[in-house]
Amino acid sequence: MFLKFFPREINILDLFKKQVGFAVDAAQFFKKTVSEGTVSTETLNKMREIEHQGDEVAHEIFDQLNLTFITPFDREDIHTLCEELDNIVDMVDTILSRLVIYKLTKVDEELVEFANVIEESVTAVASAVNGLRNMKNAKNILDICREVNRLENVGDSMRDKALGDLFEKEKDPIVVIKWKEIYQDAETILDICEDVAHVVKNIMLKQS
Amino acid sequence: MFLKFFPREINILDLFKKQVGFAVDAAQFFKKTVSEGTVSTETLNKMREIEHQGDEVAHEIFDQLNLTFITPFDREDIHTLCEELDNIVDMVDTILSRLVIYKLTKVDEELVEFANVIEESVTAVASAVNGLRNMKNAKNILDICREVNRLENVGDSMRDKALGDLFEKEKDPIVVIKWKEIYQDAETILDICEDVAHVVKNIMLKQS
Amino acid sequence: MFLKFFPREINILDLFKKQVGFAVDAAQFFKKTVSEGTVSTETLNKMREIEHQGDEVAHEIFDQLNLTFITPFDREDIHTLCEELDNIVDMVDTILSRLVIYKLTKVDEELVEFANVIEESVTAVASAVNGLRNMKNAKNILDICREVNRLENVGDSMRDKALGDLFEKEKDPIVVIKWKEIYQDAETILDICEDVAHVVKNIMLKQS
């Protein structure tokens, strides 16, 4: 209701829609890449492109935030939301880079599973962020946030299982070092999604 | 003085008392478990219970924060305090999980020492948080915060010594990977306690 | 212009000048130490001295912040700026400590390169922070911030190359564990510098 009178505010929601769209692109590209089981420097170039576009929207949001006096929700929440969405894309990029740098070319079933859950969680995050456009979505947004929290717990168990198996089966410490980092980074993406859900929930509750 | 007129605000202090109580429970349970030297899935279940109860209070605090217009101290400080207390419990849970997943069953003297200092620090943190109820405690709270800072420095030295010994004596890289993570996580708990002390100090100074 | 009427505010800019000065001291000392290729407990004592002086200024800033009603820029920005400058010094100290604890005494060309870029970035950060004294510097400050961002990207590539070489050439997993941590910490300093540049840019845009 409040939003009607401030066309500039719609603008920030449009920018968030764009930004979270790049997060979804990153998650889908990650899933596709990992499922196909081959990461190359070409893969990295494509990923960097997504990251670069995401960065540009993030900068636009920060610029808007610095220039706009009235914002549709707390400046601090806008700031955090923008940073966390940026972190999702950065972390996907980090994992893909590590796979190349560490020359981890053989398919890893655990990482494929992680990629599926990450895509699910980022897609849910996008629905929640886009839902902010209409506060009538409140109940729906809360349900989505709960789902994102659930997926974070799923990710915790997946990481624990993956680390347990890794230390159980892999005897080459160098390989252990590499995969341990990859699994922990993958789980971190689900943590970031939970942080986003948390901000979205806060924004919504403050408006209600 | 201010608090008298706003009974709802007392509520948030009551909730913090409960939350920091679960942090103390976690620290004591950690000390007991590590001293006895056996971590089992049963241990984890008991720890999860403490964590779950802590989570519930944290959610209550966030809900209160979103619904209450007037708060006894800055919303941002309440938010940070709640998150950091949550982080203490989570990190204790993480270390216990790792001990099980990594199958580290033999007693480690260094971890016992860490557990003692962690319990001391979390107990001090609880006194500081509960002290916020009465601003006449100001001097006392400042002393406690200084003690928490001192314990963080103690933790730094303990971690440095533990890592030094580990790299000196342990020749199995897989074991090095495991304990290095455990020691660094243990020290992180003392960092978080210092963060809590910092917020408490800020809250107090703003009120004075 | 605003600043003229509030002499206390000048005070905070003076304190930031002092604090960022210690960050530069730390970066220069790090470069010198790493270039000479020998880190001793004496080195650590000298570094601790810089850290201790930096800490004192940070405490002064927090005290000012808690006692001052009117601040030259957002309290939250002052808070973040102060914390991040503190983090630069702490992280340099951490790396030097690790070199001693891990007994990494042989010169490492990669770390020398990192130290050069770190010194460049921290020096740029100091110019940006000190530039806040006069908002006529706006364009200049923005240029410096862009340079800090560029150096962070340089650092990312350096870390990726360093890690790639490490896993390629080093066959002792214990040595891999040690250097991997050092490189990642070195890159983290450039991340922190970017965070500082980000805050400085925000402060400036809000004032304009």
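Order as written gives the chain letters A, B and C; numbering starts at 1 within each chain.
The rule is short, and it goes like this: a residue touches a chain if its C-beta (ideal position, glycine included) is under 8 Å from a C-beta of that chain, and two chains touch if they have at least 3 such contacts.
Quick caveat: nothing in here was measured; it's all calculated off a predicted structure.
Colleague: Chain touch graph shape: choose line, ring, star, complete or other and state it.
Modeller: It is complete, because no pair of chains fails to touch.
Colleague: Do subunit A and subunit B, two copies of one chain sequence, contact each other through the same residue numbers, with over half in common, or through different ones?
Modeller: On the two sides of the subunit B and subunit A interface, the residue numbers are mostly different, under half being shared.
Colleague: Using only the C-alpha atoms, find the rotation that maps subunit A onto subunit C and quote its angle between 0 and 180 degrees, to the nearest 5.
Modeller: The rotation relating subunit A to subunit C comes to 120 degrees.
Colleague: How many angstrom between the C-alpha centroids of subunit B and subunit A?
Modeller: It comes to 28 Å between the two C-alpha centres.
Colleague: Enumerate the residues of subunit B that touch no fewer than two other chains.
Modeller: Touching at least two other chains: 76, 173, 177.
Colleague: Can you list the subunit A residues touching subunit C in their complex?
Modeller: 62-63, 66-67, 76, 97, 101-103, 173-174, 177-178
Colleague: Please name which positions on subunit A make contact with subunit B in the complex.
Modeller: Answer in residue numbers: 76, 160, 163-164, 167, 171, 173, 176-177, 180, 202, 205-206.
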